[in-house]
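Two complexes, one shared chain (chain A), two partners (chain B, chain C).
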Partner chain A sequence: MKKLKRIFTYLFLSTAALVSIFPFLWMLVSMTNKSVDVTGGRLIPGLHLMENLNNLLESTRIGTALWNSFVIAIITTVLTLLIGSLAGYGFEIYRTKGKDMIFNILILSMMIPFAAIMIPLYRLFGRISADAPLIGLDTLAAAFLPTIITAFFIFFFRQNTKMFAKELVEAGRIDGLSELGIFFRIYVPTMKTTYAAAAIIAFMNSWNNYLWPLVVLQSPENQTIPLLISNLGAGYTPDYGVIMTAIVIATLPTALVFFLMQRYFVAGMMGSVKG
Partner chain B sequence: MKKTLSKKLWLLMLALFTALVLTACSGDDEGSDNAEGNDDAEGSEASEGEGAELTAWAWDVNFNIAALNLALEHYDNEEFNLEIIENAQDDIVQRLNTGLSSGTMKGMPNIVLIEDQRAQSFLQSYPDAFYAIGDYFNTEDFADYKIAPTSLDGAQYGLPFDTGVTGLFYRTDYLEEAGYSHEDLVDITWTEYIEIATDVKEKTGKAMLSLDPNDLGILRVMMQTTGAWYTTEDGSIQLEDNEALKMALENYKALLNNDLANLHSDWSQFLASFNSGDTASVPVGNWIAPSVEAEESQSGLWRVAPTPRLDMEGAANASNQGGSSFYVLNIDGKEAAAEFLGETFGSNVEFYQDLVTEVGAIGTYKPASEGDAYQFENEFFNGQQVVYDFSQWMEDIPQVDYGMNTYGIEDILSAEIQQYLDGKDLDEMLTDAQAQAENQFK
Partner chain C sequence: MTQTTDKPNPKHQSTFMQRFKKKNIGWLFIILSVLGISLFYFYPMAQALILSLQSGMGANLEFVGLDNYVRLFNDPTFITALTNTVIYLLIQVPLMIVLALIFSVLLNDPTLKFKGFFRTAIFLPAVTSLVAYAVIFKYLFGNNGLINDFLVDLNIIAEPLNWLSDPLLAKITIVIAITWRWTGYNMIFYLSALQNVDKALYEAAKIDGATAIQQFFFITIPLLKPIILFTSIVSTIGTLQLFDEVMNITSGGPGNATMTISMYIYNLSFEYTPDFGYAATVSYVILILVILLSFIQFKVAGDRD
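Let's turn to the complex of A and B:
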């Protein structure tokens, strides 16, 4: 009886695993096939990987797009973490009147969909373009600036800071550390796992961000990876082999970041403070 | 005590700084506000100066972008620089909507390609954003049906580009087996098409065509043969009591319920339906020709007949599916951009010959059809002068005002149609769809 139960458990889990892994496998297989074979549903790896890769390199500026996506994602991640954690720390550690009300308003702002603020935001960037060309429309800065301060990360850090031993702050003060010193020398090292989890989320969000970069980054030199992939699929006769190759290349960095930080990620999500 | 003081000082400084930033920002805003209504100037700053580079947005490297590049080759003006930027069609729609509705013209292109069925929504929503280019070419040189969607209130905004003129691509061998010759397929009605389809199914076992239940393109093709649409010319929705639509729907139901059509759910399945030899005909836009020809083993087995018409007074054996046109934005460089379009797409017969042979695109410029390239006898289609035939049918396409909400209305309709196929009364179904559409778009 117990054995039977176990068989069923394994059967169920295997099916579930297959269903979730299959699209990924198919993507890898399709990368090596011609477009006709991809649409025909061929599941066996083919010999066209180099051909697809060459076509991709010839027809697109994938190098530039990768670089742009990296620059945007890394700057976004660093700034998001810095600002989000400072704010989250402040909200939890310091006592101020009206703190909770402000926090609630922040949380409320999470309810507003991005599409609703996109046009005013675009207008704003359009307006500053003439005076501040470095952060105006069609610059990488315009692509990441609106995304670095998010209520989500402030909330995320505040929740995690609840687990942070406040005695450490007091100990730091007694030992004569400045408030910023306490933050950087005590808080940051202690919260490593939280930072790692936040870093993965921020990096992935930025890497996959589509709508905002689409509207602000107009020239091909500023194209990011999701925009490039969108273009590939837009022709009247799309080459699915090339598209799959581009998607695999686009997936690698996020996969890499995740696997490198996976250990911390799980711990961070559970809110552990053991550094 | 000291500590709280310094804290207060910090707070004060922070408040001061915030206030400063805010005033600086609002000052900036005011400055720009003065320039409002003249936002064009903002966009132009980037492209000011002699021989400045203009930009164009279009989709599909092998088709529209290739056509633009070809036009550049044919344009004899050394001071003219055009950067052609590839954008997916949906991306162009998104970018234009964001840019134009925010009133920020910076970063907008000089020339943009817009699909005909979407054009009115842009022209009507952003009346000042586009530059009327009617003076740069002769509208009478273009297929009539292209003019309504590309103009607004008598002003011509778009330069008509490719045609989506439809044809009835069919397998000669299957039709012969069922007892039909080419003449039997010329200038027929959709009712006759269904009769033929029944014979074909009986005698060859093949389906006459393949349909995607989620794409009502075939209904639009049928409707346009009578010059009717989901909306009237004044823009009001007409699903109820729309005779053409009703007749189209009856034909559609007859095709599906009598098992005369195969079903497909995506593009690759659609291509496979005729490449594999499972269907006997493909009644769609001329742009499908390269995909039909892709299956080389079927060379000589295909021909193209005119599109069947709806069985109504005044219906023509010509219709349209797809097609787009070029628009010039109302920003600096507009004259240069319009001149470029006018002298290439707007008047160059030779350019159109190369367009057919090198890109495979059929334009809507009528004088082009007399050129050599149009007379080409295509082996694949039994030596038929396919391009020439298409260009002739193109001139007969009834003109239709596509209105603002074609795709929106179609979303409502495709849900309702399922109930009709399941037995709901046709009039009742259309009344319901009409009510829904009016709620949503008024």
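Let's turn to the complex of A and C:
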């Protein structure tokens, strides 16, 4: 009886693991096959990887899209971490009743669904387009500006600041450091794990962001990777081998981040809950 | 004498100055965030409310009072989108949470082998971009897709199914896709919560003769209640905003069979002749649903303990 239960457990988990991994295996295999073979259900690797890569480079602006996605993701990550951690630290270290109230109000913004503010945001960027063409509609700046300041990261850093030894702040003051000096020279270096976890979340969110870039980026030279893949997928005569190659390229950065930084990754997820 | 009485004065002043400075420098740290969230969340929220009282095409808007809100009740597309979203919510969220709980309990068994492999494999879908996996699922569930091939080969079905062009099957495809993407993600939360559970509780239950299923319902579930509440609120908010998958797997079709509220807002603003006023009205429905459902979930879960 016990043995039977064991076997059933392994069978169940193996099925779940296979279902979870299969789409990954399929896209890796399909990247090396011709379009007809992909639709024909071929499940063994072929010899057409270079051909698919060449077609992808020639028929799409994948290079530009990769560049745009990287630029947006890196700027977003740096600014998100800087602004979010300043606020999380500020709310916790310089705690007052007034600031706590403001904090609670800011947290409410986490309940606001993006779809509910998308149109006013679009109109906001439309209005400033004429005066400030560099941050107006259809610019990379417009794609990341509304995403860099979020209550989630303020909350995240505040939660983690609770575990930061406050004596270090006093020690810094005695050493004659300015308040900002304490933040940059004591807090930031001691909170490396928290920053790493936050960086992973911010980077992945930005890299995968779809709806807002879809709304705000119109011209092909401003396309990001999710927009490019969505366009390829919706094409009338899709080349499946090429699309699979694009999808693998799009998934690589986040998969790499996950495998190289698994510990921080999970720490980041948990950091959003505890406390 | 005078020197000693004078001395505390500047010292007192400087501590007062320091305190004043300390009190205000705190604001320096948070000011950017306060401004940013006001500008990019609260201001648009207020704008959307004003917009929802207006109607017209493109930039030519005029005030129509509550007309848009009345229009909601007579708009079949809105009612379909709302119904679909609620169906996804009622079926997908519980299905995913139960699956994630089962996986986490099985993987929490210390005698289980290949634990690391199973955990990583089941979590892996959570690293994919929503658009990328949606496109993959669209092909997997296509008429000549691998899912149909498998099912026909295994003699489960005689003819290929129209996963994407049958109203019911298309909804099922969306539910399967979201469940694939998010179950492992939720499982990680439960797994780490289970690791903090005192093993002695289970030992005691075993001595009292409790079966594994009784242990699950009377120990595991109550102890994980706070984290289950957290994940179900996050999933509810996510499902209410469902867009990427539906847009890329079925584009809301066939007909409007898989249309969600977010997709309808997008279509109203950017696909059909733009009607920002009415789109803003629909968007307030999502906001109200998010607030309402989070509130209900908190109430149902009872006091946090």
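Keep in mind that, in the parts below, the second predicted complex is superposed on the first by the 239 of 275 C-alpha atoms of A that agree within 3 Å, B and C clash if a C-alpha of one lies under 4 Å from a C-alpha of the other, contacts with A are read in each partner's own complex, and residues count from 1 in each chain.
Everything below uses one rule, namely that a contact is a pair of C-beta atoms (placed from the backbone, for glycine too) under 8 Å apart; a residue touches a chain by one contact, two chains touch by 3 or more.
These numbers were taken from a predicted model, which means no experiment stands behind them.
**Q** Does the chain A-based superposition show chain B and chain C clashing or fitting?
**A** clash
**Q** Which of the two partners, first being chain B and second being chain C, lies in contact with A:Arg127: first, second, both, or neither?
**A** first
**Q** Between chain B (first) and chain C (second), which does A:Thr9 come into contact with in this model arrangement: first, second, both, or neither?
**A** second
**Q** According to the stated criteria, A:Val215 is in contact with first (chain B), second (chain C), both, or neither; which is it?
**A** After superposing on A, A:Val215 lies in contact with both chain B and chain C.
**Q** May I ask you to decide whether A:Ile154 touches chain B, chain C, both, or neither, giving the answer as first, second, both or neither?
**A** In the superposed model, A:Ile154 contacts chain C only, not chain B.
**Q** Let me test your reading of the model: by the given contact rule, A:Pro45 touches which partner, first (chain B), second (chain C), both or neither?
**A** In the superposed model, A:Pro45 contacts neither chain B nor chain C.
**Q** For A:Trp207, is the partner it touches chain B (first), chain C (second), both, or none of the two (neither)?
**A** Touch partner of A:Trp207: chain C, not chain B.
**Q** Going by the touch definition up top, name the partner, chain B or chain C, that contacts more of chain A.
**A** Comparing chain B with chain C, the partner touching more chain A residues is C.
**Q** Please work out whether A:Met118 is in contact with chain B alone, chain C alone, both, or neither, and reply first, second, both or neither.
**A** In the superposition, A:Met118 contacts both chain B and chain C.
**Q** Looking at A:Pro189, would you say it contacts chain B, chain C, both, or neither? Reply first, second, both or neither.
**A** neither
**Q** Among 236-244, 254-262 or 290-298, indicate the stretch of chain C whose C-alpha atoms run into chain B.
**A** Among 236-244, 254-262 or 290-298, only one stretch of chain C overlaps chain B, namely 254-262.
**Q** List the residues of chain A that touch chain B in one complex and chain C in the other.
**A** 39, 118-120, 122-123, 211, 214-215, 230, 233-234
**Q** Within their complex, state which residues of chain C touch chain A.
**A** 21-23, 25-30, 32-34, 36-37, 40-45, 47-48, 51, 103, 106-107, 109, 112, 117-118, 121-125, 127-140, 144, 146, 149, 180, 184-185, 188-189, 192, 227, 230, 237, 240-241, 243-244, 247-248, 251, 261-262, 265-266, 269-270, 276, 279-280, 283-284, 286-287, 290-291, 294
**Q** Please give the residue numbers of chain A that touch chain C in the complex, ascending.
**A** The contact residues of chain A facing chain C are 9, 12-14, 16-17, 19-21, 23-24, 26-27, 38-39, 41, 83-84, 86-87, 89-91, 93-94, 96, 99, 102, 106, 109, 111-124, 145-146, 148-151, 154, 179-180, 183, 204, 207-208, 210-211, 214-215, 225-226, 229-230, 232-234, 240, 243, 247, 250-251, 254-255, 257-258, 266, 269-270, 273.
**Q** Within the complex, which stretch of chain A touches chain B?
**A** 39-40, 59, 118-120, 122-123, 125-131, 136-138, 211, 214-216, 218-220, 227, 230-231, 233-237
**Q** Quick check: in the complex, which residue numbers of chain B touch chain A?
**A** Contact set of chain B toward chain A: 28-29, 32, 42, 45, 59-63, 85-91, 94-95, 98-99, 101-104, 106-107, 109, 268, 271-272, 287, 290-291.
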